[in-house]
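Scrolling down, you'll hit the structures one after another.
Next come two complexes, and both contain chain A; in the first it sits with chain B, in the second with chain C.
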Partner chain A sequence: MIQSLANWILSFDILAGLGNPIAWGLSLFIVSALIFVFVAVNAIVLVYIERKVSAFMQVRLGPMRVGKFGSLQTVADALKLLQKEDIIPRSADKILFLIGPWVILVASVVTFAAIPFSDTLLAADMSIGLFYVVSISSIVVLGIVMAGWASNNKWSLYGAMRSAAQIISYEIPVGITLIAVVAVVGSLNLQTIVQAQGGTGNLFYWIPLPLPNWFIFHSPFLFLAAFIYLIGATAEINRTPFDIPESESELVAGFMTEFSGLRWALFFLSEYANATLVAFLVAIIFLGGWQSPFSNYAGAQIGFSILTLLAVMWTLFVKAKTQRLSFYPLGLSLMITIAAWLFPGFAIWLASPGLFWMLIKVGSVIFLLMWFRWTFPRLRVDQLMYVSWKVILPISLFNLMGVAVWMWLTGEIHF
Partner chain B sequence: MSYFSNITNAVGTLIEGMKVTMGYFVRPREHVTLQYPDEVWPIPTRNIGVGELDAYNTIRSKLVVDIDDCIGCKACERACPVNCIHIDTYKGGPDEDLGTTSNGTKIKLLTASFIIDMSECMFCDLCTPPCPEDCITMTPDYQFISNDNLKMDVTPEQRWRDRNLLIYQFSKVSETERQQRKAQAEAIAKAKAEALALKKAEALKAAEDKAALAAAEEAVTAKLDPTSAETVSASESVSTDINSTGSEVKVDIPIASVTLAETPVPAAEPVANTPEPETPVAPGDDISTPDSSENLEDPTTKESENG
Partner chain C sequence: MSRLHAEEMVLNMGPQHPSTHGVLRLKLRTDGEIVSHIEPVIGYLHRSFEKHAENLEYQMVTPFCGRCDYLAAMGSEHGYAMAVEKMMGIELPERVEYLRVIFAELQRIASHLVAVGTFGLDVGAITPFIYCFRERELILDLFEMASGARLLYNYIWIGGLAHDVPPGFVEKTYEFLDNFETRVAEYNQILTGNKIFIERAADIGVMTPEVAINYGVTGPSLRASGVNIDLRRTQPYSIYDRFEFDVPLGEGTQGTIGDSWDRYYVRVREMEESARIIRQALDQLPVEGDVKSAIPRRIRPPKGEIYFRSENARGELGYYIVSNGKNVPLRVKMRSPAFSNLSVINEIGQGFMISDVIAILGSLDIVLGEIDR
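Then we have the complex of A and B:
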């Protein structure tokens, strides 16, 4: 993407004199800025959505005062955080205290370089993209330990040590789960992984139910692997069922306790960047990335007709549960279905891969993460370790073996 | 095999919990937080027993007077059991037209100041029936709030200003004119009192003179003393002088405009029995005494020394 952007810059007569190196550097800067802006705006939007989702799940209204339905609340919060005083505790390790949040932020933003947003929107097409993402996102733990140690506060240190133990423990099952996927594709390139999931096939190879060729439908083992990965990744990004590093009821705010103002905002930014990254990885690895769920326009028409039927059932279910009629899902799917049947162009657009499908999938996974967060209680430290070493790790090892056997059975690999 | 039953149990309960939260997520949100300034609870409608059920006859809250209709009879002031109504009335000039009420009654007294102290009012509604013009009413306005910035910047030291903001003043005239009328009325009263005193003194002197005259008459029966007659004439001239000055004081002030000020007067009339303002306690003053802060700091330094 960077080289093509540089070529595009050089195609203008006025800018042609810049030369390739300068144009390349300029496009590198533009792409990095775009990624950072994406991460920042994404955090602002996600914080608002998270507050609304949590409120709706707890029979509240959430932010309502700033803007229509409180839509500008997080913008106001961000502005407030930028204006706040940056307090550095007297007995803190100044250098580490100043570096820590930036290490975390850089580690979580840089990973987006390898994420394919669509078939063309990709900052760096790396042959080891998955390995790069997993290894770089592990640097976050370094920043957390830095921040926790530099704060010279027992809560911060507890939080940092817990975080380190947790992330290192969950790296192993997550890594093994990803190896299972890599074994199926035979490549670490994220773009190749997405491209391998195009087209339509049977569910679990033999069950005659035409579904997209996503890896979540590849085999029962990869179906399980998707959830194992989701659980492990939730633990790695310190989200709520596994949020013991910053558990509010025990450790004030964990490693974030002593931070204020902009530095605290950086923690928040990286937290949501990490959540988005996990959602992107789940979407890319298991849900087909930017691939459309429909292989052709007839598939889109039939698929949305089925979705409309499901929406009718959903409406009836809600009616039975709450004695209320809510037509939003039904109306939306009905509109899309009618449009797909009336305008073949629209159906073809729906069947074609693109950023739209990627964002839909990422949004669903993020909603799932939020749903987890506002439902599940926090695990105790020993339970956390039990889940990692005694439950998830054996299952992921079993998965890896099962995937190998499955591929031998389906004839995808030969010994 | 408690290992596998544990896992299945955990997964089952997690799914059960997710069902519960999703149920709440899709449920229409009713009976949730009231968005207060935008929406308020409906005021309960009931008859308090006075007249027909209308806007003024629902619940008893903020006391409001229609100052245009007030005739300054002070019936409400007398009826108030807690003395929260303070009325200041002045007589109009000889040719001054003070208007009529909506009932057609001619107003004879100018209500210069009608103060209702809502911080003392106990909402008994005893002041409304005696009013002959039905101009003092209890309105259903229970929110003693305003968008006035005056209320916003109240520092803890000025907390008792809030109480002054509950004192509502109604007036037909401006504050300066009220002061003028007050001074004028005081001057008249003073002049009258002086005149009265002088009259008394004169009467006393006349009585003394009479007594002296009688004594003199007693002493010298045939002879007439010219000095006593002189004194009488002198005293008469003094009394006429006083009368003339009294009429001069009565200056006619044309009433320029009738102001209807329903504004709370901050510290316009300092209430005599205002309780002493509590000394503001700074947050954390009682928590972080010097000793405890030392205790908090000690362990960290010790740890660092040990480590």
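Then we have the complex of A and C:
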């Protein structure tokens, strides 16, 4: 994307004199700024959505006062945080205290460079994209340990130590799970991984149920791998039920205890950037990335018709359970279905790959993460380690072998 | 190779900490995450209840009782009123007795809702807490209808009640009960049966019956250890002998008898039993009766002393009152259940992790207002 942007800049007569290096540098700057803006805006939107989702689950309204339906609440919160005093405890290790949050932020923002938002929207098409994302995102733990140690507070120290242990433990099963996918594709390039999931195929190769060629439907092993990855990734980004480094009821705020104002906002920003990153990875690796779930526009028409049927069933189910009629899912899916049948152009658009499908998938995964957060209690630190080393790691190793055997059975590889 | 040098660290949990249920300070000696000694430091909320009581007339002490256990104020007032009534030999109208039982049991549900909800919060589940508070709000609405206050009521007076309940109260209480009985199933769905919750609470902080009795633990925490002592059943006061209800005991369903899960679940089941009692009391509630008819003009108990205990939400609430025949008590001593319940924490919490200490503290359900008085 950077080179094409540079070429586009050079295509203007006035700017052609800049020369390739300067144009390239300029587009690099623009792309980086775009990514940072995406991460920042994304965090503000997600905080609002999270508060609304939690309110929905907890029979509350959530923010309602600032803006329509409280939509400007997080903007107001961000502005408040920006003008707060930046307190540095007297006994803190000043340098580490100052750079800790920035290390976390940078590590979580730069990973987005390798994420393909759509077939063309991609900052850096790296041949080792997946490896890059996994390795850079683990730098976050360094920042957490820096922040926790520098605060010179026992709670922060506990939080940082727990976090280090947790992230390192969960990286191993997550890595092995990802290797299983890499084995199927034969590439670490995220764009190639998404491209390998186009079209439709049978569920688990043999079961005659035409589903998109996403890796979650590739084999029972990758189906399991998707869930292992989701669990491991939830642990890696420190979200409930694995939020023990910042567990509010135990460690006050964990490694964030001593931070205030902008620095505290940076932790928040990187937390949501990480959650989004994980959602992107799940979508890219297991749910077909920017690929549309429909292989052609007839598929889109039929697919949304089935969705409408499901919505009818859901409405009846809710009616039977709560004696209340809610037409929102039904109305929405009915509208899309009618539009898909009436306007072929709309159906074609639904069937074509792009940013729309990517964001739908990412949004669903983020909603799932929020759902976890607002329903589950928190694991204890030793139970967390137990789950990682004694449950998930053996399963993921077994999975890796299983995928290899599966590929041999289906004839994808030969010995 | 020399051994890794490690030493114990003293961790001050509180007085400002999100999960110490008020202003409690726990001095933890920790070896890594393992806690080897717990020392509760109390007194941050001391408001000299007993000294106040020595300088106030009998009827003026009632509001102070409610301020001790602020999550179960009706129960505290009830206990105090009954103690003075027994000293003076007052016979109460039937309607007063029934209404008092209804309020005490509603208060028990409200208090247990806070206990169950905050215990969930302590182990990281936030949503059940909000669900519990949703139902507690309805109970507080009922209290507001009757007394005008939502937390500290001054409603149960010596010899009667401050006011009769307004019209529509009985119907609203029935409505609440119908609603509440389905809600308990909801709590069980979201929290009680949750695998992570069971992992966090089962086998944690096991309190054997011997330990519980030695430390004077009472209430749901004692019954969770399998000791069948409920003053409403073993020493029926007021009119509790007229109602049919079970005394839930800890059964060790998910682990050992007397673990945190049992303490939690005993409370959940006690809420159901309380709802049963309220339903029976509402059915039998006499329509006629002046709730103020038995309030004495001058409250001057005869010379002497009394120790009266009742089953409050947290356990056995005792009042020791010494009278010298004047209108001001010579001495009022309150036996606070939460104080004894807290004292056991070092015994049952040693060797567990920091997270478990939080869970154990949450499962003991303490109120600092009552401990410090």
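Going forward, the second predicted complex is superposed on the first by the 415 of 415 C-alpha atoms of A that agree within 3 Å, B and C clash if a C-alpha of one lies under 4 Å from a C-alpha of the other, contacts with A are read in each partner's own complex, and residues count from 1 in each chain.
Simple rule for what comes next: a contact is a pair of C-beta atoms (placed from the backbone, for glycine too) under 8 Å apart; a residue touches a chain by one contact, two chains touch by 3 or more.
Since the structure is predicted, the reported quantities are computational estimates derived from the model, not experimental observations.
Of the two partner chains, both chain B and chain C are touched by A:Trp374. Contacts of A:Ala165 after superposition on the shared chain: neither chain B nor chain C is touched.
Contact with chain C, but none with chain B, is seen for A:Asp382 once the two complexes are overlaid on the shared chain. Legend: residue contacts after superposition of the two complexes on their common chain; A:Phe56 is shown touching chain B, with no touch to chain C. Legend: residue contacts after superposition of the two complexes on their common chain; A:Ser326 is shown touching chain B, with no touch to chain C. Looking at the shared chain after the overlay, A:Glu250 reaches chain C, while chain B stays out of its contact range. Overlap of the chain B and chain C contact sets on chain A: residues 57-60, 374-376. Within the complex formed with chain C, the chain A residues making contact are 54, 57-60, 154, 158, 240-241, 243-244, 247-252, 374-383.
Against chain A, in their complex, chain C makes its touches with residues 9, 11, 17-19, 33, 120-127, 130-131, 134, 190-191, 194, 196-197, 199-200, 353-356, 358. By the touch criterion stated above, chain A contacts chain B in their complex at residues 53, 56-61, 64, 91, 152-153, 318, 321-322, 324, 326, 371-372, 374-376, 390-391. Chain contact summary for the complex, chain B toward chain A: residues 3, 7, 14, 17-18, 20-29, 32-33, 35, 300-301, 304.
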